[in-house]
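Mind having a look at this structure? Questions to follow.
By letter and in written order, the chains are A, B and C; residue numbering begins at 1 in each of them.
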Amino acid sequence: MTMATAQKPLLRATKLSKIYKSGRSLLPSRRQQVHAVNEVSLEVMPGETLGIVGESGCGKSSLGRCLTRLQDISSGRLEFDGRDITDLSLRQIRPLRREMQMVFQDPAASLNARRRVGDLLAEPFRIHGIGARSEIEDRVSELLRRVGLRSEHALRFPHEFSGGQKQRIGIARALALHPKLLVADEPVSALDVSIQAQIINLLAELREEFGLTYVFIAHDLAVVRQISNRVAVMYLGAIVEVGDADEVFSTPRHPYTRVLREAMPEPRLHAKRPERAQVKGDLPSPFSPPPGCPFHTRCAFAKERREVQRPALVKAADGRAVACHYPLDGPHPTGLA
Amino acid sequence: MRFEPLLEVKDLTVHFRSEEGLVEAVRGVSFNVGRNEILGLVGESGSGKSQTLLAIMGLIDSPNAVLSGSIRFEGQELMGLPRRALDRIRGKKIGMIFQDPMTSLTPVHTIGAQIVETLRAHEQIGRKAAKDRAVELIDAVGIPAPRSVADRYPHQLSGGMRQRAVIAMAMSCNPALLLADEPTTALDVTVQAQILDLIGKLREDFGSSVILVTHDLGVVAETADKVNVMYAGRIVEEGPKEAVFLQPRHPYSWGLFGSIPPFDGPRPARLSAIPGAPPKLSALPKGCSFRPRCPHAHDACLQEPPLAGPVGHRSACVLPDAAIEELAPRQEGAA
Amino acid sequence: MIYALAARLGQMALVMFGISVVVFLIFFATPGSDPSARIAGRNASQETLQQVRHDFGLDRPLPVQYALMMKKLFVTRDLTSFVNRGQKVIPTVTRAIPITLSLVIGAALLWLIGGLIVGLIAGATKGSWLDRTLMMISLAGVSMPVFWLGEVANLITQSRFHDSWAFSWVPALGYVPFGRDPLGWFQALVIPWIVLATLYVGLYGRVLRASLIETMQEDFIRMARAKGIGERQVLLRHGLRTSLVAFVTMFGLDFGALVGGGALLTEVVFGLQGVGKLTYDALQTLDLPMIMATVIYASFFVVMANFVVDVVHMFLDPRVRDAF
């Protein structure tokens, strides 16, 4: 995939934050807030796939829902196709839904169980007032075929499908109106390995065919690497590293990326299992994130400076960016590659 | 020591009567687990791997379940053992850990109390001594501040810590065999790595054997000695880990390996996914149950193929050895 | 924990205040009617009305009226009924409390134990003939109206078979104070207890059974079995202990409501001069001061019971403890 350098990004987030408040206690000291997304800046070019990886609670799903404005943004700025959509109201955002869609982890939860698949797929057309009845029917069967199902499946109910097929329906619905951007939140993590591969392949084909732009959110590094051009690694609400999908995992610059990479069990044999770069302890509570670098409590390289100052995401000449005071350089020493 | 495997499962069958007909969850599964050995049981959902484990532990209590076959543990037949006799083995000689540490601990008792309960069920030990042992065990599985954790409730611990606590409980009576049902699936990768390291360490420290049920070939690659690949209630391939990973023999295993995106090196344009979906266990296809999804299926596959092949590495496929040699994907760069 | 308790107590006081205000407003500020006429009762003379207006400060602003009312209820406790000329309301209620408490506590013990046994046995033997029989019996118990069952019990023990050896010990309807004659107290109440408990045994048994069956499907039950502990211990220590939350919630609320006058039908049927009976009589004669007092008293018990439920919850479930 070639990307013209002069191209404008399809999606641009600037210092985007999402804060959840919890506890309705009368005492202010008992009220808590979580920076689910903490000043995240990113750009997604047209036709590109940006992968977002991180462990549970890192804020990747919140970020995904902010990027499609399924939830409100606490602060920062979000532009879609050159237009500021940060503060658009629900009504103003509706026409934009045609252009940005989401696919979720659990397709069953997002498909109304009492309606036939054909109805579910026709819904986007009806909502946006597109096409006559017969035309919609044609489009629905075309959609079903396109995602690898048969047109007679339109008459069935969601529960009659397997997990993989339900996810195909979810994708079909998201694609119905030919969106420009598709944000997929863990679209394959609930599926069996063999089905996972089918869905990844399908998403890749659809991207080529419709010139789609993806934001692909997952916890599985290999899956993210397979489908993404670039990858952003998140930790405690912040992006700690961004770069080319191959490079980020083969030569991680942020210690957390490396930990993540080495923790992933690989389905192949090693002459001798290399020592893993160990992380200390558990994820800190998002209610009281550590000051300075969010990773310093678990980082093997942490020095005093990390605790004092939060490192900024700095872009290097080769286009990779890392938020670390002491970035790792070169290939990592375990020799996995 | 007499030559005898620690666990010998023979022709294990687990069927469930249901409205849709007979659900054949496990169909004639046989395998052995030796002492100090880690067996990986790999398969996708519905492959029967978890039911196999539950059957060994005597935990299938559905009134609609029909079990047959033989499960011999240390020479003793477990199948059909009365509850009282079974309870002298469960928790004492066979420990078990489950997939979701969030739900496998009783929410209203402290971690310490739950470990003490296991200890006192199987050993003549006082309350105080049991509590001390519990603290030692919590310490041994790498939980910091074990004494205070013993007095905490499950919801006060993180997922990784809870799974460690569950492992401490399963290991409390120093069992000869540990059954682990997807022990890391519910955990984050960094925590998963810690738990896998811990399970490996248990084998060394306690000398236990382990049956590790998982859908994740990566987890098997890291921990197991032997691998059984299951599909639709049967073992379709079994062998030492090296053999199965370097020269997988069954087309289903090939498909599984091909379905996993590589971690490094060039990315394939398409993953060689397995087409279709696993069969319904209440309506299995005739003959080889992988036949409808297999690219190499032919007429001979209408007969159920037996497990066959070179000594120690067998597969349930009718393809001749030469064809298998030719078609099998190879792993590069690995030892 | 202490903070949580204090917060709860504060909330409780607030709720009580709210209830008293609402009750007050309903009686005194309903537009289009003269509260003095209602307080004075039916067919009151002009002088009485004047006196009522003066006593309750009905010619003064609402907050003052409220304060006066509360003073009469709680400080001077000299609120008098005009229907039963000169009857002091508060002492009457105070006299009725031990009767209601005797009735409800005794019945509660019975239905708790009964409900526990029924729920436990039915839950543990789910699907068996024993389970089905128990559920059928409890359904019958739930369906029988208390007043009907009470009358039937009275019919049997007071008239038809009163002279037989089985029921000759049953005293005439009414209450015997515990302090005067403990045995008589017990004999007078045992049949009302059984009648009142019958409904609740069925209800509690069914709720516990459902909750137990759900709990027994949980992963931690499988884990407990895998530990090799006996089924009885699995059932009691892990299953029942975790299922008790719903049971206790229900108990607290029912208990509060019954003490607060909900045992009305039982009290009427068995001629017990409890709070429920008092409310019942007051409603029939539209004795407003009495209604006012019993409603405030009832709300106090319901709120109190809620508080106790919360505290018990904290002990039963460590997750609740931490959520505060």
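Note that a contact is a pair of C-beta atoms (placed from the backbone, for glycine too) under 8 Å apart; a residue touches a chain by one contact, two chains touch by 3 or more.
In UniProt terms, the chains line up like this: A, B = Peptide/nickel transport system ATP-binding protein; C = Peptide/nickel transport system permease protein.
All values reported here derive from a predicted model rather than from experimental measurement.
Colleague: So what shape is it, when you link every pair of chains that touch: line, ring, star, complete or other?
Modeller: line
Colleague: Ranking chain pairs by how many C-beta pairs touch, which one is first?
Modeller: Pair with the most C-beta pairs in contact: A-B.
Colleague: Measuring centre to centre with CA averages, how many angstrom lie between subunit B and subunit C?
Modeller: 54
Colleague: Between subunit A and subunit B, what is the gap in Å from one C-alpha centre to the other?
Modeller: Using C-alpha averages as centres, the distance is 31 Å.
Colleague: Averaging only over C-alpha atoms, locate the centres of subunit A and subunit C and give their separation in whole Å.
Modeller: It comes to 55 Å between the two C-alpha centres.
Colleague: Among the residues of subunit B, which are close enough to touch at least two other chains?
Modeller: Correct list: empty.
Colleague: Can you list the subunit C residues in contact with two or more other chains?
Modeller: If we look for residues of subunit C contacting two or more partner chains, we find none.
Colleague: Under the definition above, what is the set of subunit B residues touching subunit C in their complex?
Modeller: 57, 59, 63, 83-84, 86-92, 95-96, 98, 100, 103-109, 117-118, 121-122, 153, 155-156, 166, 169-170
Colleague: In the complex of these two chains, what residues of subunit B are touching subunit A?
Modeller: Touch residues, subunit B against subunit A: 44-45, 144, 158, 160-161, 188-194, 196-197, 215-222, 241-242, 245-246, 255-265, 267, 269-275, 277-278, 331, 334-335.
Colleague: Along subunit C, where are the residues that touch subunit B in the complex?
Modeller: Those residues of subunit C that touch subunit B are 127, 218-220, 222-231, 233, 237-238, 241-242, 316-319, 322.
Colleague: Quick one: which bits of subunit A touch subunit B in the complex? Just the residue numbers, please.
Modeller: Checking each residue of subunit A against subunit B gives 55-56, 162, 164-165, 192-198, 200-201, 204, 219, 221-223, 225-226, 246, 249-250, 259-271, 273, 276, 278-279, 281-283, 336-337.
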